[in-house]
Structures are given as structure tokens and as C-alpha cells.
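Chain lettering (A, B, C and D) follows the sequence in which the chains are written, and residue indices restart at 1 in each chain.
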Amino acid sequence: MTSTPTPPGRTLRLHVEIAGSVRQVTVEPVSVDSSQARVSWDETSYVVDAVPRAGGFSLTMPGGSWASREVTCHTVAPGEVMLGLDGLQIRARVGDGRRAQPAGAAGAEGDHVVAAPMPGRVVRVSVEPGDVVTRGQGLAAVEAMKMENELASPVDGVVSEVRVSVDDTVEAGAVMVVVSAAVSPQVDHD
Amino acid sequence: MKILVANRGEIAVRILRACREMGVPSVAVFSACDRTALHVGLADEAVSIGASPAAESYLNIERVIAAARATGATAVHPGYGFLAENAGFVRACGDEGLTFIGPSPDVIETMGGKTAARRAAIEAGVPVVPGTEALPDTLTDDALCGRADEIGYPLFIKAVAGGGGRGMRRVADRAGVVVGVAAARSEAGAAFGESTVYFERLVEGARHVEVQVLGDGHGVVVPFVERECSIQRRHQKVIEESPSVAVTPAIRAALAEAAVALSTAVSYASAGTLEFLLDPEGRFYFLEMNTRLQVEHPVTELVTGIDLVQWQIRIARGEPLTVDPARALTAVGHAIECRVYAEDPDAGFLPAPGRITVLRGPSGPGVRDDSGVEAGFDVPVFYDSMISKVSTWAPDRAGAIARMRSALHEYQIGGITTAIPALLWVLAQDRFRDGAFDTSFLDGVLAARAGESFSDLTAEQTDLAVIAAALSAYLSVPPTAAAAVGATPWRQAARLEGVGQ
Amino acid sequence: MKILVANRGEIAVRILRACREMGVPSVAVFSACDRTALHVGLADEAVSIGASPAAESYLNIERVIAAARATGATAVHPGYGFLAENAGFVRACGDEGLTFIGPSPDVIETMGGKTAARRAAIEAGVPVVPGTEALPDTLTDDALCGRADEIGYPLFIKAVAGGGGRGMRRVADRAGVVVGVAAARSEAGAAFGESTVYFERLVEGARHVEVQVLGDGHGVVVPFVERECSIQRRHQKVIEESPSVAVTPAIRAALAEAAVALSTAVSYASAGTLEFLLDPEGRFYFLEMNTRLQVEHPVTELVTGIDLVQWQIRIARGEPLTVDPARALTAVGHAIECRVYAEDPDAGFLPAPGRITVLRGPSGPGVRDDSGVEAGFDVPVFYDSMISKVSTWAPDRAGAIARMRSALHEYQIGGITTAIPALLWVLAQDRFRDGAFDTSFLDGVLAARAGESFSDLTAEQTDLAVIAAALSAYLSVPPTAAAAVGATPWRQAARLEGVGQ
Amino acid sequence: MTSTPTPPGRTLRLHVEIAGSVRQVTVEPVSVDSSQARVSWDETSYVVDAVPRAGGFSLTMPGGSWASREVTCHTVAPGEVMLGLDGLQIRARVGDGRRAQPAGAAGAEGDHVVAAPMPGRVVRVSVEPGDVVTRGQGLAAVEAMKMENELASPVDGVVSEVRVSVDDTVEAGAVMVVVSAAVSPQVDHD
């Protein structure tokens, strides 16, 4: 998972980002002899009973709200978990609460890697190093599960590297193309 | 009879179950990545037929035939997709003395090509969408535009060999004809090795309805109550149901008559499906025939109680077709099917292969789960992304929809993403619930909400998600059921830490 | 309405599914050992109600009522067993302002006691098995024998408060009366806290058939096509089906008439079941009424398409009972249910609690799996050993049996033993397949084969078992799905050895 | 499981008892790079492809027979596994092939322990130390899953120990009563 396990009873502060909003969350086991913990953020505080089960948790809330849920949970990338709840799927980012790390706001400057979103076969490469590309322009396509998936440039810029050829097999996350962004008038500072 | 199932996934599972119920020995075939797939374990015997890419296994006629020979199979059921509509495969089976469970290769050729099937329909007096024959590549641009003008706009450019929306282009006016034909030909050539296209009028506001038939190959054809398949994303069916809210008893009778006329004309054997467009005035037009079992056959089974796969096997054995025509044409209650694709609906329906860490399919009254996967399986990147089909039955449509929402709500799958949140979203739309949709409905509403997550959370669900995300970081969530008896998660976290030190 | 489900296991799951389909908020209750049980996760809310022994949780009226109060539930569904037929609980619900989903406490008392129900039946003109009223403890041995002589031999001694075969003795002749009464009284006293018994003639060759009814509490009662429940082990039902091969249309009509007469006489509300004995000449005798949902209700749902649990909820809401009586009394096709008990049939059906390591329930066309468990769950020692019910439907009885054999064949459960091998064995018996059985059939054939394993292996299965046993010793079989991608088992064995060093 | 894992490629000899008959079985991986092994006994020899899966194996036989099966497998006691196959349940004993250990023929002499066959609650104790009992006589009863299970004496003999009382909770395998067998004229030698 995303952080080092913590000694029983020790309080952990995390930031959790769901649907674009970040919460500073505190997790505090009630005692090591129970399966209950206090989870709090902002004005919100719950005592939850959390029992690990196949691929996730069973959560009940003995502290008043009584809601009960099965939540599935798997790590899709470091600091990123996919939660399953009531037939819905929720991507959450979780990080150490002491290091601020707002997600989403990747800078528009510098090198941008375009990676395979899933394992598959490269069926098209539309650019060469040195090509000028605009944001949204198709760079290459990967086929998986009989579907072609076009990969678009995330920025206006110049192709600096093309690392794949047609018919190559790629793993999820494999870098396919690198685009150097054109200098942008707006820069987000972290 | 001993049946080799030349397919994988849920449809192989479906056919293998029918074999076992009928006491017919069965053989599964599998590619390298399917070694531990569900269908392998449900067969009596299983044969490895090659590497993971379909061309080297499920599409390889020689290897499938060799597997049949090696196991002494006497018949082959092709399922759908792969070799199901490949006349060359059917002939190869015949040469080997294997019974092909499906129609003859001649019928597959007659009805399989879209323009050939249109011709057969016109001859049988079945209405077709106004359109052209196959357009020779030698036509000039002017001639192309002239033919398009005759059909009228908007129109579809369609590939003769097409399927799944490939080689298909919508053209709004004369200006789009030439560039559209070029694009469609190129796409079709790449996808099917055959670039020929034709024009077909775009019927505005049309629904996709289809008629299942069973034929005995000697002129007896039984038509079934229609299926409604208008809920499509990019020409791929997503939700199907039976009956259709748009089909009156008079339309049903006329559809059945048309289906029988066309199927009888070719002495159709086995199960097949005739696809029609139904316009808002209740006029219908034949589109094409699928000369095989259809993905959405369960909704027909649920409203008629007739087992289509068992009938395919009986017909192939030469048994008389004794299905009660009245029962076949009468829907008892209402059934609906949702296709569960391994996709990420929040990432533009990107395919989502990967290892399934936990899986609990829906169950209970009126719920049928045709799944091709199980926990621990790696959903491969090589094949179609449909991992299961959930079907529900209830006395009425509202009840079937309510049951489907409940079933999808309890469908628990971890490790990969699926289109379930998008399915739940569609089921909740007023236009869907009112039955007020056509084939353009889903693409339209999807475009209108582009970028929004389908997993729209209530305040309570958001809180639960925050809690679960935080706990997942605090505790090591085991990928599978393995919580030690009596251990609290906090103790487990402590133990894991000990291991790490 | 917000419903608290005062039960656990498969029946709690069944009721929670009905709530979700109807959009009714639901509350589960759970004991300590059921914290991660399936029903807890399927409810909207869940409340811990105490320690694992039933007396401290599911049978504890105060705690169940307190859970309803704390969650704002407005109604209680009791399922079957536990508090379902406890008039005191029903009154406590009423005192708390909770709607009890079931009949009134007065009806439960009238129909719940076996001798009171007999009296009500006689008054309603419904035939009963010749028998006595409750026998006072003060009767002398001579008087007891005299009463027995009047009934005739063989006879049953039955406990007024009995159930599940406890407090029940078969007596062949006068010599067995006094000792039999003593034994039955002692067993009934220990089991039910009430030792009163009565005599009932043993109807030789009788089948157990029963009639499901729905009543609106205002005199309208709808009877359903019968269920056949003669396949019993020690008076516990094991396999049920609908319709019964022994019931002609004339008998069905007469059974329905009797069921309506008796249910109407008590203004029955909600779902209930009237149990009858049917003798080889087609005469039937009322036995008792179960004033609650029955374990075997799915077979009725499968042949009629009517959802009994949803109707219980509608009736409790005060909705009119609009079930079509013709549909209720007509079986479409045939349905069969097998109860899957966690038992070891090869060890005298010894209860087999324990952790389920792997579970894949049956699925597919015509198969319904009502399961109360899932992989990773510890089947507790504290409650009934039934972990799921598999039901199958087909157009005819032979098809339903074939489908059931296939479903049980593919039912995969590891970590505990179940009665599935014994179920498969029963399904394969000629007398079962011919429908030529009575309530003594199963105990008779089991006694005749005592000591033989139900898992009788073919030569091929024996070889596979030898191979698997040897490999299990060679390799460490992971308890759950966790084979690393690309790793061969032999490498894994090597790695494990490395860990061990 | 029942034996120490063996280095890849190393041959292991085991005895496997199923349904009363014992086979001396040899397991020999074809190579560490395949999932195939040769399993042989008496005149029988199979090449199997064995892939571990949830709670058991997937077996196919590429070597000619082509049979395919999913087998579940869990250890119920040291040297004893319960196999699930085609809806059937098979108890197998597996031991080291070098130590002869025919099962079933436990001697009729000496102390015989009567153990709880499953976890449960003691609802009846019918004997006291010193009681003379006959084979099949009820000694005590355990309730589990609402069923009473009578435990019978395995031999004619004298009760030497009673280790439980009514209402005790017992685990599976807990010794409840010990019976000293009467001297028997027939003794099975191992």
C-alpha cells in the first residue's frame, strides 16, 4: 500500500483526494484489541469497525450512523487506490499528510511522457521526433481487447522521443512518446 | 455426440453447461493466457491450441480441427465471434467429418455478407433500408455522390464485411461523401481485409430490434418474440431486453412473418437472428442476419423458457424441432441484459485488463449471471473485454430494471474496473426507464456528460470512500480473503511492520 | 417503510435483496461470529446484537427491538426460524410500533401449536390424520395404551411444540407406547421446554406435500401450486420440488380448497404454508401450518414467477393482494431445490463448520443460488448448518434434475465439507428420478448403504485424486487465489523452501 | 502441507491412501520452467500440467488423456487432505514414501481417545471413569449447528478418563473421553 504500516495505536495523518477535493484525514485506532478506529477530517469524525476481507474491507459504524458497507480496494499506482462501493468505482489518491502533494495540477512546462494506458499492441505511430503537435492531437494508438485507443498529446509542443514501433507489445505505463511542451504563459506553482 | 467448444469466456461456459446438462461429453480449447480460465475447468477435457493472440489459437482453423481430432470430438460449437461465421471453417469441419453446430456454409455465405443478405431479403419480400449494392472501387467521385443523392441524407457508409461499427461512417450531406468513403474503406480494409462499402439511408429515430429464429434445415422455422437492442455505445450493444416497449402485437406478428419468410427461403438450420431497424412510425427494415448464437440470447430464454443452446445441439443431432411456436412468440414477463465490460468508464471506456482480486457475482431470484471469469483470473488483453452478462427477469419491465440495479449494486469485483457504474447510470435515466430511446440515445447522453464521473457519490458514499482510502493506507489490505481469526486489523498492521523490519 | 431483517444466512440475504429491489431501506443484525457474514454487507445498515449463541443475539427479543429502535426501522421481517413464530416477539414489535411482516400473534398461536391447528382444521372441515388431542401428563400407562389402541398402529408420538423431528417417536405396537412416550417427552422437554405429546396415526407410504398461501388479513387468500417435500433425512427436508408428480389436477384443486378454507377461517395475513400428508390413494390430511416464509419458497417462485417475499412486504404495507390466482395455481415447467448443508455425508452427516477457502456457486440458465456465505467466511458452529440452497428450473422434471446435477457438479467449495455428494447420489437414484418415493424413502436408502462413501469414484476420478493428493504434498497449495504470474508451481515450491530455510 | 517442499526438479516418493488403498506415488517435475510433472504409481504414469489456483489446482493432461479438472484441496489434519472434484469429496492420506504408515488399522489394544469430531458444546456426558463400556456405546454428546452428535466408544473396554463436563465448549479434536481397551484376542501388527 502507500505508506509504511504504523505501530498499533499510533495516529496517522494522511491526505486523501477524491473527486478533486483533498481532505487531511487522521486515523486513530481505538485500541489494538478492537477492530475499531476513529477516522476524522475537518468537522467530520467517525468511529468505524473495519474488518479486512477479500480484496477490501467490511465497514460498520457502531458509533451512531450504523451504515454498513463492503468496500473493495486495490492499488493501481503508488499513492493511488481504486475503491469499489455500491457498484461504483472511486479513484482515490492517498499520501503522507505531512508532505503537501496536490494532484491533478501537473505543470504545463517541460517534458510530458505519453504512456500506454493499458497493456496492448501498438497499431499506429503517427509522429516522429521533431514533429510539432497540438494538445489533443493523436500521437499513436494501442490495441487492447479488440479496441483501438488513440493516445493524444497532453500539451502543445514538439515530439522529442518516440520509443515504440508498430506491432510492439507494451505494458501499462510504458512510455511511448515524449513531448516537450511549448513555453506556456501560465505556470502552476506547486 | 461429443462437442468441442471452439470459443472462450462466458459463451464457452454457457455451451459447456448445456453439454453437461444434456449428458454430452465436452472439450474446451484454450490459448496460453487462458490456461486457468473458467471454461477450461468446466469442460470434461481441455486442449491447449496455441499462443494468446487469437490468430494463433481461437482463430486458427487447423489447430481447432486438430484438437477435435485428438480428443475424438464429433461436433463443434463455435459460439459467437472467432470462427462462428467463417464458412471456410465450417467446410473444414465437414471435411474432417465433424458436425458444425450452426447453419451450412452456403447459408453463412448468403446471409453473412451484408449486401448479399439484403438481396436475399428483397427477393423474399422483406423490406430493407433503402440503399445501394456494393460500390465498386472503380466508381468516380461524381458517381459516388450521385449514388448517395439517390439514397438521400443523412446516410450511412457501411462496409460489406463490417461489424462492431468499424468501416461505418455517418454522412450528413453531399460534401461528406467522398472523404467518408475513403475513411470507411481504409478502416474496413485494415479491420476485415476487405474494403468494399455501400450506402444505406440513415433511418432517423430508429430502434434496433431483432428476431431470434430456430430452423431445422428442412424448411421449418420458429420465430421468437423480439429483442430490443437500441442501447448501444458506438454501435456496440450494451443493454438488451425482451420484449420491446415499441413493438405492438401487430408489429410483432409482421416481424415474425418477415423473419420466417427470409429464413425459410434459405432453409435455415440452427439458431440465427435477423436484425431490423424499427422507425418511429412502426415500419421496420431488415438490416442483416447473424448466422449464429447471439450474445443477448439469455433475454429470450428468460421470457420464453426455451433453451436456445440445447436446441442448437438437438437440431445438430437431427432431432425434430418441437418448440411450441406460441410459447416462442409470447414473452412471459420482461427480461433485460447488461453486458459487463472490463473498461474504465471514467477514462473514456478504456479497456481494463488485469487480475481479478475478488469477485462475487449477483445472485438470487430472477437473476442470471453468465460469467466467463472468476477471482484470481487475469483478464487478458487479447480478446473482447466482456467478462460477464447479467440478466434479470421480473413480471414487468420496471421490476426487471429494479432487479438489475440491485444485481449490479451487489456485483463485487476488485482488481479491475468495469463499466458497471455506467450501466447503473443508464438504468437510472428517465428516458431509459420510460423506454423512450433509439439507437442514438446512449452516444448522445454520453457526449452530453463527457468528463463527468459515472460514480457520482452521495455525501455518505464520499465519507465512506474517504474512510476506506485512509484505512487502505493505514492497513495492508490483503488481496484475498485471509484475515486471521481473532486478529484485529491494527494488530495485523503491527505484524506486517515486524516483517518489514 | 424501513425493514430490519431479524435473521442471518441465506434467508436474510434473500429478504435484503427484496428490500433493495423495492427501494426499501434495510437493516441487518449480526452476532459476534457473523460480523463479516454476507448478509451484513448486503444491508444498508447493520447492527451488532450480541454474542454468537443464538439466545444472546438472534433469539434475544430485547436486542432485536433495540436495534430497530436505534436505526429507525419501522418494520421487522423475521425470515424463518429464530423469532419467526414467536408470538411474544410479534407482540413486542407491536408494542414498539413496529410492523411485523407476518401474521398476527393470535394467528401464530392458533396455527402454531400442533394440536390447536388440528382443532382449527377439523372445525374448517379440513381432513386431519386420525390422532388424539394433547395427552395430559397425568394419564396412567394403561390409559395411554388405550388411547394408542384407538388410533391404531403404527403411530407417531409427536410433541405439541415439536419441529425438526425432535420429540417424535415411531411406535410399531402396544409394547412400545409407554417407553416411547417417556422418551419423546424427555426429548421435547429438553428441546422446547414443553414436554406435552399426542398420538397421530402413521400414514404408510405417505408423501409430504404443502400448499403455499398469501393472505391479505381481510379474508382474501390465494393458494399456490403445491410443493413436494418428501425427500427428508430424519424429518429434515433435503430436496423439494414443484409441482408434485403425485398430485393430479383434482387433488391440486382439493388441496387448494382445503388450504383456503383453513387460512380464511383465521383471516390469514402474509405468507404461510399448510403441510399435508398425501397417501398412495390420493387422500390428504392436514398436518400443520407454518406461519412464516418457508425455506423452500424458491421452487414456488420459479414455477409461478411470483415473488413471495416482495408480496409479504406489500401486504405488510397494506397494499391490495392482486396476485393472479390462476397464475399462482399453475406451475409453468418444473423446479427443484437442494439444500446444501455444511455436513460430512461420509461421516454420518456430521456438522462441518469451518472456514470456506474457496467458493464458486453454480450459475447459468435456469439456476438460482440462494447462498448465505462466501469465500473467507467461517461457517459458525452456533446455527443451522444450511449454507445455501440451489434451485433449478426447466420445462420438465427430467430437465430440472439434469440441470441440478450439473449445478451441483460445478459447485466448488473448499475448506469445509458439504452434503453435495449425497445430494448428487440421491438425484441419481432411479426411484428419485421416477418420482416413486414417500417420506421414508431417503432414510431407507441411507440405512441400506450405511458406511459407503457418497463420493464413489470412477477409475479416472481416482487417478485424478491420487495425482492431486500427491501434488498437494509436493507443492504448497495456496489457500486462496495467489499464483504469481509466470511462476511455475515447481518454482513456487522452491521459493517456499527458501523461505523455510 | 504434509511434507517439506522439495527442490525443483527433485523427485519425491509419497504414499497416497484413497478409499482404503495405498499407492506408492512418484512425483517428478518435467522441468522447473514448465508447470508439468510426471506422476506415477504401479503401472500408471501421467504427465500433468498443474497450475495452483484458489484453494486447489487446475489439472490438464497434455500427455494424451486430455482430461481436465479443477480440484480443490485443503489439509484437514497432518497428512490428511480433503479433495473436491466434480462435486465429490475425497479424503486422502499422504505421507513420506519411505516410512510405511498404513492407516486405518489402528491397534485394538491400549488407550483409545474419543475426540470431539467438530467444535461444539458438550450437551451430555453418559459415563464416569471406571465404567465398563462396549463398542458402539454412547459416551457423550456434542451439539453443533443445532444437531446433537453422540460419540460412541470405539472398543470394548473401561473408561479411564473423562475430560469434559456438560456445557463445556470444545474445539474439533479435543479429547473428551479415554477408553482402555479390553485385551483382545486379535491384534493387528503394523
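Just so it is clear, a contact is a pair of C-beta atoms (placed from the backbone, for glycine too) under 8 Å apart; a residue touches a chain by one contact, two chains touch by 3 or more.
Keep in mind that this is a model prediction, so the values were computed, not measured.
Common neighbours of chain A and chain D (chains touching each): B, C.
The interface with the greater number of C-beta contacts, when A-C is set against C-D, is C-D.
Computed from the mean C-alpha positions, the centre of chain A lies at a distance of 48 Å from the centre of chain C. For the pair chain B and chain C, the distance between mean C-alpha positions equals 38 Å. Centre-to-centre separation of chain A and chain B, using mean CA positions: 31 Å. Chain A has residues 51, 53-54, 67, 69-70 in contact with two or more other chains. Among the residues of chain B, those in touch with two or more other chains are 36, 357, 374-376, 409-410, 479-481, 483. Of all residues in chain D, those touching chain C in their complex are 1-9, 12, 14, 16, 18-19, 23, 25, 27, 29, 31-35, 37, 39, 41, 44, 46, 48, 50-57, 59, 67, 69-75, 81-92, 94, 117-120, 144-147, 149. Residue ranges of chain B in contact with chain D, taken from their complex: 27-28, 35-36, 40-41, 43-48, 70-71, 374-376, 480. Of all residues in chain B, those touching chain C in their complex are 13-14, 17-18, 20-23, 36, 42, 298, 301, 305-307, 309, 332-333, 355, 357, 360-361, 363-371, 374-376, 378, 393-395, 399, 402-403, 405-406, 409-410, 479-483, 485. Residues 164, 342, 344-347, 350-353, 357-358, 375, 381-385, 408-415, 417-418, 420-421, 424, 453-457, 460-481, 483, 488-494, 496-497, 500 of chain C are the ones touching chain D in the complex.
Partner chain C is touched in their complex by these residues of chain A: 49, 51, 53-54, 58, 60, 62, 66-70.
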